[in-house]
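Sharing a structure here in structure tokens format.
Order of writing sets the labels: A, B, C and D. Residues in every chain begin at 1.
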Amino acid sequence: MKLEEFQAKKLFREQGIPTPAGIMVTSAIEAESAAQETGCPVVIKAQVQAGGRGKAGGVKLAETPAEARRAADAILGMTIKDLVVQRVLVDPAVSIAGEYYIGITIDRRKKIPVMMASASGGVDIEKVAADSPEKIIFQDINPERGLRSFEAKQVAFLLFDDKKKALATASIMVKLWECFRKVDASLAEINPLAELSDGSILALDAKIVLDENAMYKHLELEELRLPTPSEEKELEATRHGLSYVQLDGEIGCMVNGAGLAMATMDIIKHLGGTPANFLDIGGSSSPEKVVHAMELLVSDENVKAIFINVFGGITRCDDVANGLVKALEQIKTDLPLVVRLTGTNEEEGRKILSDFGIRATGDMTGGALKAINLAAKGGGS
Amino acid sequence: MKLEEFQAKKLFREQGIPTPAGIMVTSAIEAESAAQETGCPVVIKAQVQAGGRGKAGGVKLAETPAEARRAADAILGMTIKDLVVQRVLVDPAVSIAGEYYIGITIDRRKKIPVMMASASGGVDIEKVAADSPEKIIFQDINPERGLRSFEAKQVAFLLFDDKKKALATASIMVKLWECFRKVDASLAEINPLAELSDGSILALDAKIVLDENAMYKHLELEELRLPTPSEEKELEATRHGLSYVQLDGEIGCMVNGAGLAMATMDIIKHLGGTPANFLDIGGSSSPEKVVHAMELLVSDENVKAIFINVFGGITRCDDVANGLVKALEQIKTDLPLVVRLTGTNEEEGRKILSDFGIRATGDMTGGALKAINLAAKGGGS
Amino acid sequence: MSILINKHTRVMVQGLGRDGSFHAKEMIAYGTSIVAGVHPGKGGTHLEGFPVFNTAQEAVDETDAECSVIFVPAPFAEDAILAAANAGTNLVVAVTEGIPVLDVSGVLMELNELGTRLVGPNSPGLISPGESKVGIMPGGIFKRGPVGVISRSGTLTYEVVNQLTAAGFGQSTAIGMGGDPIIGMKYNDYLELLENDGDTEAVVIVGEIGGSDEQDAAAFVKEHITKPVVGYIVGRSAPPGKRMGHAGAIVEGASGTAAAKVEVLRDHGIPVADTVEHIVKLISEKLGG
Amino acid sequence: MSILINKHTRVMVQGLGRDGSFHAKEMIAYGTSIVAGVHPGKGGTHLEGFPVFNTAQEAVDETDAECSVIFVPAPFAEDAILAAANAGTNLVVAVTEGIPVLDVSGVLMELNELGTRLVGPNSPGLISPGESKVGIMPGGIFKRGPVGVISRSGTLTYEVVNQLTAAGFGQSTAIGMGGDPIIGMKYNDYLELLENDGDTEAVVIVGEIGGSDEQDAAAFVKEHITKPVVGYIVGRSAPPGKRMGHAGAIVEGASGTAAAKVEVLRDHGIPVADTVEHIVKLISEKLGG
């Protein structure tokens, strides 16, 4: 779950990380009074979970409250990378003397969190990592012991010679880790970490991605979820025990298991078709799940054919077939449907489907090809 | 720093450990309304940092608010092990089905915290440890990882077969550790941990000793300090950088260093005298410290002679002598004074003292003997 | 022979709720030597002929269990894994899905100290056909044979195994490593074991988007593995930044894409299949089936 | 010879405030090989001829310091000790007083893993007369010789050493272990080293109330130490439950009393002195001085 800048900054502030005293607003008139409150000049920043806001015109400087109002008016409603801006953050402008980067993420290879820091802040850190990796300092973090002060200082003194700046930065690093650990983040990033002209150090931007697996520990953070329209649909699927990601192809897929679901998308593409989605219904044969899954597929206007690909493992094929039949009784659709069913109790399962008028195949590639052909026909009709 | 029961219970409650919903009061009339508030019967418990309150009559059951008032009236002002009872805790009485013990302390030998648990609760655990050590279960705690749920369950299932009781107890154990770690305790103890007749588990008594070294982290806990009169004097000494413990002998001692201070007390005793106190003035030669130390000694009416024993190490003897002279100029006393001074710059130091009219000795045993003799003379005069 | 588990491996099951109890039964039916169960409050009872204990320590003390399979729900799974490892098991298989990543990271620190190996979490387990299965894989599709299978997923493993079996290629040991960003053993750990396993003649690596484990495996194979290895990577059509079911199946950065993985595998001399059928074909070429 | 430190030991000083700077100078004057200082913000400067670094890691990287002495104030001392150990020093001497007990406990877990020894905290340090001193002991009273001294306190150690020196008994190495309830190395660790030290012919153990280290030492001496050992325990007149200056000098339970310690030492064949003069007499009997 990605937090927006204003949310991440709030968590940072709670941890004691200095940030501008900004105010999040949803209208231009509010932006004007926010600018009055924080004092001008202010920076109006689009709150969207997308990089490149600045280039897209989503960040504007305003010298007066009235200007803030006009800037907010221009930004609100703007579309950045397919996302409509609904919120802006009104931050008091600061005088920047230098831009740095610090971030904590999970190093999958080392299986531990790692902190990255760089004197090349304010720009895309992945670009820095790719172009000049030597500009990034890495500091492993022992997940049981956390980032210790001496480790932070080792890194901070590589960024700053000045004692005050180095110690302020080290302190922010430790707090960034504490925040990361406290909310179970998978990413916590300050870019830029700004050195101001008065020598103080400030988190000018903020990014936090939370570990979905850990949300059960942080019910209060669940309230921070501000899903985009497409995420809304995925979230609704999650509530029904489904894992769904919408794509823009024609073949709606329903599969048990994430790996098999990806393989299904791949085989469709491999055979010249286009998958409309990733959809993992998991291991259960519950008809309710299948009903919701079907609803998701038929609600996608791009879908021209549905391919259901089930490998009965522990879940027996006859159970799955019964679930499918119950689901198909509830969801009426004219979309052509191909069912592939194999694995434990395969024959019993096929019989149940065949009694319902569906001739299931046992062959994944064949099933995919059939679905592609049916979609092509439907598209031509 | 030892907390009183009502303070420890409050910390336990904040950590989620179930305790009776008691109220601490300082007068009989308040006890009556507290009993009304919590509901009768209630238990009135003297709040003093001493064992054996029950035997001393410091714990009474009251069936009505009026009875609670009479009980509190009897207990308040009572003296238990030299301590005057100034506070009582009014706890709602509960129906006890079994008494257990859990406590966490520091195992100096293993250098880690250790949890102890026993089905023989409600009695002096040191007696249980001495008489039937097999009745105590020990669980090491890794200080970095803390007491984990599985470790607590291993112990709790040895106390209870019943799942509900075992899991409730395991949860209390983990919370006891969390409390111990959070406040930097050196002891956190629940004795008895009561199994009530309804099967629930409750901390009926509570004991916490805080690590003095860690108090700088817990300024909010400093407010919980309720010193007894003798502790008040020790505390005042601490504020001046002195370490002082009052005893009941005749020779007031002032020494630099804790080990040497103990050795000084021991030599006095060994030679037939009685030390009036432990007093470590530390390594510094600051005259202010010596002034305060002298004030402490002369304020003790039992003191008949003063023995100052200084081993100049890094602190040079001449510095110490100067400090002493300045101090003695401020503090006028008729008490006979013996000064032993040795170590770095010994001769210069002795000269300074001798110019002031004090003939310092270099011999600790000789000095102690002289002080004892002077005290004996003074006692006879 | 096989790796990690065989018919003598003494297995305990932690978490005897609906899933744990069901799969304990399935494992016994397959031939797995289940010696104990662990479920707080069920201590002293029996299930399917094996004794149940309140704690992992008691179970190991009483039955000498050496491997534990975890069905405990996510919020309690970290504790259960640590309990198993501290009790003295040397292999823990965590089926549980949804354990927070940082918690797994911490668990691995401790397991490394204790010398306990972890399969998973979010793993379907592993199976040495004809010997033992520890986890939730459907035993029926497996057949004893020369192919080691290492995969990041469940049903896709079954799909692959099913076609291998149908084509006559049995398996020495098949492993579902788990679909989370941080997992215990990885390709290289299993590859090393399979390289030294007398029964294994070829290995199939089933990878997916996210992370760079497949790239690490490619380098490791080139350096250390003499047996033929075949790769297969799913998620070619996955968009970046989207979690494809598995918590770990998310493209972040260039190295996480299927294309990058396929390229590196091929660069290191490992043939990569385009489809499951293709895997069988490649294995057949290697083993001459 | 001597134990733990000698004139070749490369020492760095962490915390160059008033005390740290003063004692760095004193140590250099004594002959200690001080190669670096560590003080955040003073990196790049020099003090008494040695270079100062911002971090312990940098100091070790640049100067190969192998021992660090900590003068950092209590709230920052835990971090400083960990920094020294993680930077690669193998001996850390913590002079700092007042570090919370639980923090020291955690530090020792990590130092054990790293293989770094800790003297203290709340220690006056240690000295190998004529070779090196690391800490705050007054060098002038020490003299090279055959007696190892292990003590829990500072000035009392000086008192003992002063009288030993006056009587002609020099010291191989004298150690102030530290007066806290949890400390790094204890009697037994030092005894083992002194037993194997060619220069040491006898050992004085200076103990005090609190804990049971002296009892542990008694058992260890009986079992493992062939050289003569003499004991001395202070705090005979201390009341129970009262902290006598040192955080660790508090009688809790029967084993913590001076009487109990004296008894156990004597039961294990170790003569115990009643006074400091008596120590010298006992040593003189053992060494025939």
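Please note the rule applied: a residue touches a chain if its C-beta (ideal position, glycine included) is under 8 Å from a C-beta of that chain, and two chains touch if they have at least 3 such contacts.
Small disclaimer: the values here were computed from a predicted structure and weren't measured.
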| item | value |
| --- | --- |
| Any chain that touches chain D and chain A | B |
| Chain of greatest Cα-centre distance to chain C | B |
| Gap in Å, rounded to a whole number, between the CA centres of chain D and chain C | 51 |
| Chain centre separation (chain A, chain C; CA means) in Å | 27 |
| Cα-centroid distance, chain A relative to chain B, in whole angstrom | 55 |
| Where chain A touches two or more other chains at once, by residue number | 144-145 |
| Residue numbers of chain C (touch at least two other chains) | 110 |
| Chain contact graph, described as a line, ring, star, complete graph or other shape | other |
| In contact (per the touch rule at the top): chain pairs | A-B, A-C, A-D, B-C, B-D |
| Touching residues on chain B, where the partner in the complex is chain D | 106, 108-109, 111-113, 126, 130, 142-144, 181, 184, 186, 211-214, 216-217, 243, 245, 247, 255-263, 265-270, 275, 278, 280, 283, 311-314, 342-344, 364-365 |
| Interface residues, chain D side, partner chain A - complex | 40-44, 54-58, 76, 79-80, 82-83, 86, 110 |
| Residues on chain B engaged by chain A in the complex (per definition of touch) | 144-145 |
| Of chain B, residues touching chain C in the complex | 145, 148-151, 153-154, 157, 161, 163-164, 166-167 |
| Contacting residues of chain D [partner chain B, same complex] | 22-23, 26, 74-75, 98-106, 108-110, 136-138, 140-141, 151-159, 162, 179-182, 206, 208-213, 216, 234-239, 242-249, 253-254, 258, 274-277 |
